[in-house]
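Note sheet for the following structure.
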Amino acid sequence: MTNEEIKEYISSLAPAANYDETGEWLNILVEPTALKPLMAALRTGKMQMNYLFCVTCVDFKTHLTMVYHLSATTHRQSIVIKANVNRDAPVIETVCDIWRTAEFLEREVFEMFGVNFTNHPDLRKLILEDDFKGFPLRKDFEDPINMIKL
Amino acid sequence: MYNQTEIIKDTSELGADGELVINMGPQHPATHGVLHLVVTLNGETIKKIEPHLGFIHRSIEKMCESLTYRQFIYVTSRMDYLSSHINNLGCALLVEKGMQIEVPDRAKYIRVILSELTRIASHELWLGAMAMDLGAFTPFFYAFREREMITDIMEDTCGARLTMNYIVPGGLMYDLHPDFQKKVKAFITQFKSKVTEYEDLVTNNIIFQSRTKGVGILSAEDAISYGCTGPVARASGVSCDIRKIYPYEVYDKVEFEEVIETAGDSFARYIVRVKEMNQSIRIIEQLIDNIPEGDFVAKTKNVLKLPKGEFYSRVETARGEFGVYVVSEGGTTPHRIKFRSPGFSNLSVLNHIAAGGMIGDLMASMGTLDLVIPDIDR
Amino acid sequence: MFSLEGITTSVQDWLFMKFNPTMALAMECIIVILLSISLFALLGLVLVLMERKVAAHIQIRLGPNRVGPGGMFQTVADTLKLIMKEGLVPDMADKFLFNLAPFVVMMVGMLLLAPIAFAKNFQIWDINIGVLYISAVSSLSVIGILMAGWASNNKYSLLGAMRSGAQIVSYELSAGFAVLTIVVLTGSLQLSEIVKAQENGWWIFKGHIPALIAFVLYIIAVTAETNRAPFDLAEAESELTAGFHTEYSGMRFALFFLAEYINIFIVCAIGATLFFGGWMPLHIGHWEAFNHIMDYIPSSVWFMGKTFFLIFLIMWFRWTFPRLRVDQLLNLEWKYLLPISLFNLLLVAVIAILGWHF
């Protein structure tokens, strides 16, 4: 599948998607609300993206961006789905019922960035202590004891 | 780490009396480090396994945000310490990809040879440790006999036995030790003559087979869905070797087979790793006599600046797919860096494959997942 | 020919000459107690060192070689360390049972020493139901282990003790049947009689294949009974950290440790007595000259040689095999070993009735 075909296919699923082809892979920016149906369609539809190999979040100071790296074990074409979420009250729907690996990856994003995943079966802190305050991987995180400013 | 009341609430949901919650780790002989598993038992049968991570969390991703592109490579040696060379390689590949640095052939060959040596060393350690989990102490010493030769080669070449830090963006830090080829050949001879000892001691042992066959079965669909990579996924019949799918360095010039088993049980995972060691030997044999002469490092600027954008590179470590994702704002340090560690995804499958089995099965499943805790916690 | 028999008779004669019979008996008791305690200490030291050396050579290393010549005093140093250590008792533990358990396990080992013939006419108590006594007393050690596991107030200990209970109760059967085959062949429960019956050849050679099967069954069963690898589920290190003795430290731990080795010695001594003729030298039928040459080797050397050979065998198992899983362990006993031993006993009975053995 060429990038054009993928774009066409995704536009039919999520009309409001923005595309960015400057990087190695096709980047698709969607609205957080449109993410879940698009992901489900990508998994079960003709693209068969069955391999979610990276879920992470990036803090751009004005907003947080959820980044999902998708691939398929059949055709090996990778695409990147992104969704900007509000920095003050970040909420997005979980994809862990589509790809099981998302369960742990989303828990990590939850504690590191504070993104709330709705419908996640077990959204608790995974790595940090239960009473940890703040979201360490956000740019404005301050820890005067453990962090050394370079 | 966890809330006691929460655990009790969890067990009451299961609705049966006489359940036992035991904490395996962070100080437990089988968890190989500081993994903490909360295991709910009914007699000897495992109901549920819940991993609690973070005992060795150093927030390497946050740390890397303040390190330059030359510096951040060396932090990754401390993640998956058993394949530190391959981690370094993944990061160097990312910087080279972003800055379009042409790496000299000599460096490429040496990088691949060292990667494969690292892979053998890692699998050797795993073999010993897993046999120990199953109660056999002796294979550990046999495996370490060969591993010792590799660490000696590494010490000669890089000056370090575990955290190599030998790779710089654009090539290598130093040229090879003059004895390198001789020592690697001696190692290959020794390894080939001794690998049959593992077969006798472990593979053909009837107790070992009955402990691992049919234990911790992972289907191909689940392996993909859980994001498993490396030997864990290949034992389930998923082709996922980055060296074959997206060849980097000189992997497209060498002949080797991607080892795939279809059973998906602990024994298949064992077999995949043992066969992989032989394939690594095959790769080294093809390259060791053909290391081209020339520079070992490309000329690069003193200050590396990645252009604005996003970059992703992946390599096949001993445990699976290691990915580095960098968001660059054009400065000397990354804006955001994410390490996709293979151990993290492989750990998430533990509850799925070990629940319903016995405590002894948990050891076999966990042993063959080959978990390295610093790689999971990062 | 050197024999321990002379010493024991002369000591007894001297005692009975000097004191009245009651007093003499009391003196003998004290001597026996002192001797068995020192035997325990000595065996502990020797066997632990032997285990470490055997393990080292199987694992291509050297083993202890710093303390004393060839590391001979390593176990002494270890014992000193254990004596100096604080014996901790966990919170909420049943203190009485917790402290009692190591001694129960230890005492079982001591009781089992009584009917063993160490050399010709060198036996503490030649009881006429010796074999029965051994089977009965050896099962008591599980009580000590269960006590330890329950009293520790630790889940690992409890699991280990439960496993141990299931295991010892099961494997007791196979061991019992294996012993019974020899009893059927000999026609006596008395250990001295069993040894005497092997004067013209050991049972393992005389008893045809059934005796060989019985020996293999016996070795497997006693390896399980003494909680040794590959049947060391009760203390399965990688699963239950240390099983039933997780919470023990200092000398109490040392007692468990020692009891394990003493038990190995005892089961191997019994195995040697039943299948390899105990102190009886290697005699072959009517080869008078050969038999006479063999008689020149002291009987105690024969006994110790055979016992230590069996101990070496059990140590060899430990450092070669992985551990079984708990259900596989019980399957092995109830589905394979027990039917085989029942059938084997039947076979031996037929052989004994028809007089087919040599």
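Just so it is clear, A, B and C label the chains in written order, and each chain counts residues from 1 on its own.
By our rule, contacts are C-beta pairs under 8 Å (C-beta built on N, C-alpha and C of every residue); 3 or more make two chains touch, one makes a residue touch a chain.
Fair warning: this is a prediction, and the values are worked out from it, not measured in the lab.
Visitor: Which chain's centre, taken as the mean of its Cα atoms, is farthest from the centre of chain C?
Guide: A
Visitor: Report the chain closest to the protein's overall CA mean, measuring from each chain's own CA mean.
Guide: Here the chain at the core of the arrangement is B.
Visitor: Can you check how far apart chain A and chain B are, centre to centre, with Cα atoms defining each centre and the answer in Å?
Guide: Chain centroid spacing, chain A to chain B, equals 25 Å.
Visitor: At what distance in angstrom does the C-alpha mean of chain C lie from that of chain A?
Guide: The separation of the two C-alpha centroids amounts to 64 Å.
Visitor: So the centre of each chain is just the mean of its C-alpha atoms; given that, what is the distance between chain B and chain C in Å?
Guide: For chain B versus chain C, the centre distance works out to 45 Å.
Visitor: Name the residues of chain B that each touch 2 or more other chains.
Guide: Chain B, residues with two or more chain partners: not present.
Visitor: Enumerate the contact residues on chain A facing chain B in the complex.
Guide: Checking each residue of chain A against chain B gives 22-25, 27, 50-54, 56, 58-59, 67, 69, 73, 76, 80, 99-101, 103-105, 108, 126-130, 136-137, 141, 149-150.
Visitor: Which part of chain B faces chain A closely enough to touch in the complex?
Guide: 1-3, 52-54, 57, 59, 61-62, 66-67, 97, 221-222, 224-227, 229, 238-240, 245, 309-312, 321, 323, 325, 327, 335-336, 338, 340, 344-345, 347-348, 352, 377
Visitor: What part of chain C is in contact with chain B in the complex they form?
Guide: Residue list for chain C touching chain B: 55, 58-61, 155-156, 159, 163, 229-230, 232, 236-241, 319-328.
Visitor: Under the stated contact criterion, what part of chain B meets chain C in this complex?
Guide: Touching chain C from chain B are residues 20, 22, 28-30, 41, 44, 131-138, 140-142, 145, 201, 205, 207-208, 210-211, 358-363.
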